[in-house]
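Shared between the two complexes below is chain A, which pairs with chain B and chain C, respectively.
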Partner chain A sequence: MIEAIIINGLISGGVYALLAVGFSLIFGVARIINIAHTAFYMLAAYFIYTFAHLLGLNPFLSVVLSVIIVILIGLVTYKLVIDPVREHGATTLIVTIALAIIFQEVMLIAFGGHFRGVPGLVSGYTEILGVKVTYQYLLTFGVVLVVLLGTWALLMKTKLGIAIRSTAQDREVANLMGINVARTGMMTMAIAVALAAIAGALVAPLRVLEPHMWMPPLVTILAIVVLGGLGSIKGSFIGAFILGFAETLVVFLVPSGAFLKGAVALTIMLIVILIRPEGLFGVAFEEER
Partner chain B sequence: MGTISIYIGRLYKDFKGGILVLPSRTIAFFFCLLLLLIPLITTEPYILRVLILSSIFAIFAASWDLLSGYTGQMNFGHALFFGVAAYTSALLNLHVGLPPWLTIPLGALAAVLAGLIVGVPCLRLRGPYLALATLAFPLILTGIIFVIPGITGGELGISGIDPLSGSRLTDYYIAVILMLGLGFVMWKITASKTGLIFHAIREDEVAVRASGINTTRYKLLAFCLSGLFAGVAGGMYVHFMRIAGPSTLELMLSFQAIIWVIFGGIATIYGPIAGVFILYPFMEFLRIIPEIRMLVFATLVVLILLFMPEGLTTWVRDKIEKECPRCKLRNIATRKSCRVCRADLD
Partner chain C sequence: MNRVMKGAILLLLACFVMVAAGCPAPVVNEIKIGVIGPMAFVQGEHHWYGAQLAAEEINAQGGILVGDEWYQITLAQVDSNEMLSVTDAATAMEMAITVENVDFLVGGFRTEAVFAMQDVAMGYEVIFLGCGAATVELCTLVADDYETYKYWFRVTPINSSYLGMVDFLLLGMVAEEIRAELGIETPKVAILAEMAVWADSIVAAAYVYLPAMGMEIVGEWRPSPIATEVMAELSAIEAAGAHIIFTTISGPLGITYARQWGELEIPAASVGINVEAQKEGFWDATVGKGNYEMTMNTYARVNITDETIPFIDRFVESAGEFPTYNAGTYEALYILKAAIERAGTLDSDAVVAELENTDRIGTAGRIVFTDAHDVTWGPGYVTGLGVQWQDGEMKCVWPPADGSWEGVVYEGAVDYVLPPWMVEYWAP
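Our next item is the complex of A and B:
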């Protein structure tokens, strides 16, 4: 029981971390609450289904292909739809909501509302502490760690990372320092969407696919980024594991807990921000006037 | 006879000077008139049903605008007020046996209470934090509703509620008159001194605080007022549909309110009403192509907002009217000089 909780918590925490870090990045740099973020995750899962299941391509190749395609879709929508209205905060919001609905409906038309599954990349299992752990779970967790470390290195060690972080801190000053703010925004969007797509690729074999699958994780990652502090990568990471474990615990320990898992996650978020209004690791943004 | 004609003459003069002078007011006037006269043209139950639901959702959307459009406190969980009022009305009606004209106000009061419960802790939060925290409440409530199906009916909801009135036509007049009345009240609130403070809080909260105004109290007031109006909409909805289900708390309903308001024009009150009366019947019309209904709808919203990022009514208003640079009064776009201060309009 405890081992199962730990393993499931680590997996869902890891997937949430991928999604939340990307969401947090794009919020930090462009000040956009991108409701369509998890829709990209849904898109990636469906592309993998198409490539691997319907076209019969090599699973690894189909993962790479779908991540690339989703990044391209993300960049095109950012350039065509989100960026032109970025100055009007509220409008950006419903544009992203509408985008998510558009993606959902396109998938609904293309694939129908049936639940679908994707075969795992690897089969077989091993035993850790007496619990059967499939290789798919291990692979998922390994990829999550590698990708998150990679993102961290990118943000901390490269020139692009410095540009992203400085744009997030102060867009105008970053612009004055000669950083191409528009291009940094594009790059951030690409990274964020890539993270979402990888998360989608990882959960595709573990969960059922359906066009509405973007909604439940959306609520959770919104809770995570608020819990961790908006714009804080570290906060998103830690928040993801806190809520990932909390949800797993509720599902395993409370009767009819599956209904309550969202409620518990959100309650934790509420308690944290009521005690610390800027989240666990959030910087209290100077009042933007 | 003479006095009557004087009164009629005065009425006509007021009408000309007060309503016909600005095209936006003329449009609003004829919109109200049309709504009240529609039953003379058709009493098709389906059309009346669409218009009743539009009226109910117009109250709901306008109440979001009152809170989020004016004070800038983005509320992502506006369905909470709707749902709380819906469930309260339904339970009171079903178990206590109160008639609709009592359950709807009581449901609205419950929504005000919900506004206080959400508002008091959340007003320490700002901007996106507030938005995302408010998002949590209706979803938490949905979780609770699913866990205690004995009282709340779980996924199926509560059914067997009394209808609003006996006939569709009476329902229509109740909904439309209530919508016009409450819309007018909200518009008056936002035009009053309180409304001015709401505006100021959105633009620059620090400056408002520096002027010695307790902004927290005003924000809380906005939460309660908004909850009250949304609650009326929720109660009406329950008694019209005769079922209170978890769909009244859905995330999509909150998003729907935001879409209506921003599409119509934020911080205007008449914008959301226009938004609902355009988008909701349009959505119903799209039932002729059921498979791609949502897709067409969402695409259209995105395209229109790319051209009119401030919303439809604001865009139209700026086309047909212009503001006097000296006295800030609005004038019809064809005028060369301001109708009050005679300053040149460019």
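Our next item is the complex of A and C:
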């Protein structure tokens, strides 16, 4: 049973991490709490369904096209809706909620409330320590590691990364240093939305495609980023695995209480932030940024 | 004289205009029926398609004869939005009655919403034929407070108690198959039921009936109704050594579950209630991984009565989809037509009295209402079906093709098949 708990905890945590990292990135560097993050994930899933299933395109081509289209949609909405209000935290929050609901309603009109399945990029399963795991889950787990490394490298090793971090630290000083702050914000949004779209491509085949599919993961992601420390990518990564393992433990140890796995995960988050309000890897004061 | 001439010319012009515009159509009597349901979802769509099909057929035959006069049916589509908001459902019902001025109502799906809609309809003394919610209590209200709730009737599905009975009959059939084919005398059962009130009674009954039916329960997994995946649950079920997964799932989780069950080749037969597996879109939604999933259902391409297959064909032709039990609005309109014609009036109380006398060979069986205005279940009435997905087709596997259940046989039924990976895993 221990093997099954470890494998399932890792897999579950990996899926959560993929969704949480993009959310954390846009908050960490642009201070935007983008509630529409998982709505972009939902859009990507619908585009993949349209291209791969309805139009019969190659699945990998469908993923590439979907990611590009979702990035463009993300950039347009950032420029037209988020950027004008980004200095006002509460307004940005409300605006992104509105965006998510608009996306949801548009998909509801276009596709109806039918539950659909997105074909996986790979099919079949393998056994690890005697526990069955689908290849799609393994792919997701692998991609989350690559994405995390890639994001770290981008932020730490490139000029764009320096610009993003500078803008996050002090927008005005970054501007005075010659950094194009507006373009940096756009690039950050593009990266975050791309991460959401990649998550859509990998996670959607593991879930059911429907217009409200963005809501359940959003709650978990919020719990993860708060647990890990708002804006800390490392914290989100570790927080995702903590909640993944917590949920798996509930299923294995209290089967008839499996419905409580979400509540248990949220309770862990509450306990952590009561002891350490800034989360596991968050900064205690804004000035420390 | 000039005045006379002018008058004559004006009269001629008036006649000319009338002729040119065509003679005014004779006044057509109209019965307005509200079709209420979640129209953005498959349940509401099938409410609508079923009602539309019946209305077209009835109108083509002249309509409904009330006394000496023929009435045409006009349908009003009422979106209850009940999947997302119970309040919206009650408001939609209020609007249908007070603004759309509907004479009768058919539809409803989600229990909580139907309770709210039922109260509104009963308040206005408008007859409401339910075609979606299974909860027994919707009809218990009729028995407890007849004067208030007599305007409510349930056409589909059979109520949740009867659903439970069929559920255990299906489980018993699968257990017998495992005994016969794999030589396992006491099959182990994992209960996988969403954490919802309607599932509680089935889970409680399982602990009573399963040991008596020669089965052993190895665990009870209760995921949230809004859970998005059950991979950990499936791992735990496999580790528990279950031969059967007894499902009670109503939401989209049923798709993820069946897909992961098939893809991981969990060596346990899956049987019970999986509402999503009742729909034609299930095969695509699971990307074909839901093969061998078995669930209770209302319709399958079998001759429950002589009406069944012609209805399914007409429904598929007009809607492009296989009907779910929500398409029972088709039946509801025919039941209503017959009751109105027998009553000879549109007066609600008179129509209620005739609805109580309903005895119709319908598309899902013989429909007779109980004293609580519920559809009667049993051999010779509506029985429900057990269906299994076999290579992309939803096949009827219960009542068994050999007539071993009360001698009931529906032409077109086939044998139940254990998943081959399960047979391979447990074969002696």
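Following the convention adopted for this analysis, the second predicted complex is superposed on the first by the 273 of 289 C-alpha atoms of A that agree within 3 Å, B and C clash if a C-alpha of one lies under 4 Å from a C-alpha of the other, contacts with A are read in each partner's own complex, and residues count from 1 in each chain.
The definition used in the following text is that a residue touches a chain if its C-beta (ideal position, glycine included) is under 8 Å from a C-beta of that chain, and two chains touch if they have at least 3 such contacts.
Predicted model only: the values in this text are computed from it and were never measured.
Clash-free side-by-side placement of chain B and chain C is the outcome of superposition onto chain A. Once the two complexes are overlaid on the shared chain, A:E210 sits against chain C while remaining clear of chain B. Shared-chain residue A:G142: touches no atom of chain B or chain C. After the superposition on chain A, the angle chain B-chain A-chain C between C-alpha centres rounds to 70°, nearest 10.
When the two complexes are overlaid on their common chain A, residue A:M269 makes contact with chain B while staying clear of chain C. When the two complexes are overlaid on their common chain A, residue A:F259 makes contact with chain B and with chain C alike. In the overlay built on the shared chain, the residue A:G150 is in contact with neither chain B nor chain C. Shared-chain residue A:G113: touches chain C; no touch with chain B. With chain A fitted onto itself, chain B and chain C come no nearer than 5 Å, counting C-alpha atoms only. Overlap of the chain B and chain C interfaces on chain A: residues 256, 259, 261-262. Only residues 27, 33, 35, 81, 84-85, 87-88, 90-91, 93-95, 97-99, 101-102, 104-106, 109, 215, 219, 222-223, 225-226, 230, 256, 259-264, 266-267, 269-270, 273-274, 277-279, 287-289 of chain A touch chain B when the two sit together in their complex.
Contact residues on chain C toward chain A in their complex (touch as defined above): 38, 40-42, 45, 83, 194-195, 219-229, 231-233, 235-236, 238-239, 252-253, 255-256, 259-260, 263-266, 276, 281, 284-287. Residues 68, 74, 121, 124-129, 131-133, 135-136, 139-140, 142-144, 146-147, 204-206, 251, 255, 258-259, 262-263, 266, 291-292, 294-295, 297-299, 301-302, 305-306, 309-311 of chain B are the ones touching chain A in the complex.
Here chain A touches chain C in the complex through residues 1, 4, 7-8, 11-12, 53, 108, 112-117, 119-120, 123-125, 131-132, 134, 137, 205-210, 213, 216-217, 247-248, 251-252, 255-259, 261-262, going by the rule given at the top.
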